[in-house]
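Each of the two complexes below includes subunit A, the first together with subunit B, the second together with subunit C.
What follows is the complex of A and B.
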């Protein structure tokens, strides 16, 4: 008992009762804190160290490190949205499809404004106003899909797995209907040169955008009422509702936010590839979910962090990059990722069990 | 018993189809007392508590708070009038810190622009939570500990501290010790007394007669949707309570 320099030992001169056994920190708790926090960062650092030491010239080159960051940028923006959804005990399978749909309507809108014919190939003229309209269209389209998901989850009470699986199909199908299945292959030159391949103080613009998104999201998740309510909804939705949290509104907003970030990722994607990539995002939902879960966010909701997600995004990207550099067939990356994902979920469950102490 | 009732239900009726859950029930809580509400299963305790805490509405009858008729349309409306409920299944978010749970739905924001942008004043929330726990002698390692790391008794204490933070008149507690062991039960009962000593009336619903005798200042007995007895602590015995709960007498009796 004397170990427990209790907070209230000082505040309360003569406690009439002391509530309950208070083991300050058991070995189990220390273990759970370790596997809850640090292990995935250690894994990432170990991977980087191994690849760096084996091939310092290739892996450690400025070019390679920059490419790693650029590859991570779009996935990170998607995963940030997914983090909010999973923290609130939801799941969003539609992110990749919403990205595709948003990039298609955005690219078509920009094409239409510049008056170019539908089959145009390459880049089109058009100033920041055109790019701005394209961005707004992408964000609005993403947010609309997200709100659609959120409304069905919150009001119709359909499980999010099914809702977002359905909207995945709908968004992807509608994107193919809008384009006849052929990518829109012309986007404003400005978007490609300034955003897609542009840099700010030597840092690729896409990476700058992803960093800003991650920092803002971390602040919102951990320091604001909105973030606290996201955790509360994921931890015990009924308790949150009884406490006066506007549960439905929060759920709808969280899915809309996730969708809007997919819209932003859509703009980043067309800027990077100067085309829509209708068939390139089938795995995005699983990639984001595994990044979020690897980052220590619980699939059961209530626990999570953005910094964890950032680390989680880099694991598969560093693995793939390292395998390519080491000459290991890149297919092994998929195998390694699967194993790491299972390990991550197992550790999450272990963590829950130790925390509940029984 | 001469003081003015704090909360009063008069002739409240509530039907569910053919079932008269409450059949013209009267119920009275006085300021600063622990009032046990007892009755056999189906006597209408839960329905009455739901109505008095805003979770359900009566078909007939009136509810008076400090002598004035009030409408408790929602739990939030009841909370704003100073009436709170500690639910049997602990309405806490286990992954959130105890202090965050205390303030969930009524967060303290930072002053100025940051607060309007939605930034929490966590330091102030922790400080006020620590004060509240200290006031009620609830011992936690720190108000920042997640509720999931607490024992059952501590969780119940956090739930009660939360209710006592926002209700300044009446707190309803539905079987607050049902899931607890002997030691923890004793501590929660002490906490209930402390809440009363802060001047908040406590309505305790319990099936545990010895516990009722131990802690209640007064007992109100329901049977078949009606109040059948009001018993003062001095006059209360387990046999007497059980008899009142099960007696055929429809005449309301008062033992003092």
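What follows is the complex of A and C.
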């Protein structure tokens, strides 16, 4: 066990609860590592505080807070997948396109079963079985694209940036071919009303789904061997291979997992918008990457946490929401978001340097 | 050491909060929120300018927001944030006929009057009024202009957005149906660029390779037009291939003046913005509004510089 630790080099920076605790850490250090992007949490709370104090009735209203969570839900599911990929020193640029493709395939499958003509506005009377089929189709399609990415990265040894850039184009293009460019607008009513706008004990279903995904992912990443291997592959792939980790299989499954989560996000997207959105989700890949990086995950792999990603997802969403509520001109929002991204990562770097230096 | 680093950051945050709170609170009566289709579009900038001028004149408190992309998933968070501010009236350019229905319905449910501007949605039960241009008529005018320029014969290509945008679809449909009246003109069909001049240029050069006798190009928006004339210039056929373009952005007006474009179908976004504010004021005052307000479209021919200057979409509000 100790030998593995020394192989992994940056082992002391990983929030690994599964292994025995290092007795030389103070409880505060342990806590701050557990949170991952500790300073980012303070930044998020500060932003929320600023906006809440300026416009308490508007920013702080139950409606607005609910909407923030709903807007974050789909991006969070995508970012969780991206976290796994980046932690293993990969990158996935194809997430938005895989989402679009999966949503198209799933919507067309559901439409084919219920037999209504395509392209009509409105909803179809499909039952839960139809929705179930649609979900399975979306998950399978996402996992297939993910496995495709993983195979090329692991076996053909093509850099992930290039592979996922290529699959972005292919997935988007195929989605447009399948539909002729026209969104599929007839989706099961149940999906839209129960999941898209439905609530569970007052919490929107989409938020519940995102929470469950985040919790399960956190458990998998931090408490299982699969997660440990993901960190290992990202930290030092060669050392992981020599320690007996089945490197290629791990890489393929990690990308497949990311793709499958994109498939889940596709179903959530259909539920939310009651249509496929072929022309949308164009910037989702960059949004997920910046959310993951904001959360304290290193782009070089080996360091990361799901909680950090959750915080990272909320920062741009809270910023956009607050700026619109305050009435700040749209172009300044773009400037501010870029500045906050740099500020947040800089603060995180400072924190890391002080910790490693002491 | 941690506390020293903490303090200046917290101080900045507190100052920002103080500054933001010092901003005047909004009177709930005359607040109007406008959500454009996308940032950085000359058409929507001109629309916002017209709205701002009219809002000042009518004493309305107008805030303008816009999403990064002309897409539902980008616009809906902005609409949600606007809904949180509970304005009296919201004038929204819906970027998707279906996906925006639920957020706009929520907006209406929270007590805001909803106006759609420039585009529309599939469910109009909660929309108080629509400000529209007759895009089909615009397409027809473009076909007539093309026929006049080509003297009745030649091959014609349309460059447009992918299907799904009601306005663009209507323009292309109007163009296509009117072209059927002119038997000498052969229609090559629409090609899709997604608001990308680069793509539009590539489409034009590829079409010229396939059909060297291409006679005319119709672009249903400004980005396509800019790309089209670049493609024609690259191929060296500027002026030989006639271009009819929708919209009168500055780049298009300049192209009209220097001969790259032969006719413009200009909308009047300032008028749309003004009409939106007039409707908003009427709604606030509880006066009745028409269900649909149509704003004008004109054909501007090459050489008509006065009209070109008059209808140019000026993005700097003066």
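As a working rule, the second predicted complex is superposed on the first by the 303 of 358 C-alpha atoms of A that agree within 3 Å, B and C clash if a C-alpha of one lies under 4 Å from a C-alpha of the other, contacts with A are read in each partner's own complex, and residues count from 1 in each chain.
The rule is simple: a contact is a pair of C-beta atoms (placed from the backbone, for glycine too) under 8 Å apart; a residue touches a chain by one contact, two chains touch by 3 or more.
Keep in mind that what you see is a predicted model, and the values were worked out from it rather than measured.
Colleague: If you tally the residues of subunit A touched by each partner, is the higher count for subunit B or for subunit C?
Modeller: The larger set of subunit A residues in touch belongs to C.
Colleague: Answer with first, second, both or neither: which of subunit B and subunit C does A:224 touch in the superposed model?
Modeller: Touch partner of A:224: subunit B, not subunit C.
Colleague: In the superposed arrangement, which partner chain does A:303 touch: subunit B (first), subunit C (second), both, or neither?
Modeller: Only subunit B; A:303 stays clear of subunit C.
Colleague: Where does A:234 make contact in the superposed view: on subunit B (first), on subunit C (second), on both, or on neither?
Modeller: It touches subunit B, and subunit C stays clear.
Colleague: Who does A:248 touch here: subunit B (first), subunit C (second), both, or neither?
Modeller: It touches nothing on subunit B or subunit C.
Colleague: Which residues of subunit A touch subunit C in their complex?
Modeller: Subunit A reaches subunit C through residues 46, 49-51, 53-55, 58-59, 61, 63-64, 67, 70-71, 74, 121-122, 176, 180-183, 185, 196-197, 269, 273-275, 277-284, 317, 320-322, 324-327, 329-331, 334, 347, 350, 354.
Colleague: Help me check something: in the complex, which residues belonging to subunit A touch subunit B?
Modeller: Residue list for subunit A touching subunit B: 4, 6-8, 11-12, 15-22, 24, 29, 220, 223-226, 228, 231-232, 234-236, 238-240, 242-245, 298, 301-303, 355-357.
Colleague: Show me the residue ranges of subunit C that touch subunit A in the complex, using the header's touch definition.
Modeller: 1, 5, 9-10, 13, 16-17, 20-21, 23, 36, 39-40, 63-66, 68-74, 76-78, 80-86, 96-99, 101-102, 110, 122, 162-164, 192, 194
Colleague: Across the complex, what residues on subunit B touch subunit A?
Modeller: So the residues of subunit B in touch with subunit A come to 75-76, 79, 87, 90-96, 100-101, 104-107, 109, 117-120, 122, 130-131, 133-134, 137-143, 146, 148-151, 153-154, 157, 184, 187, 190-191, 194.
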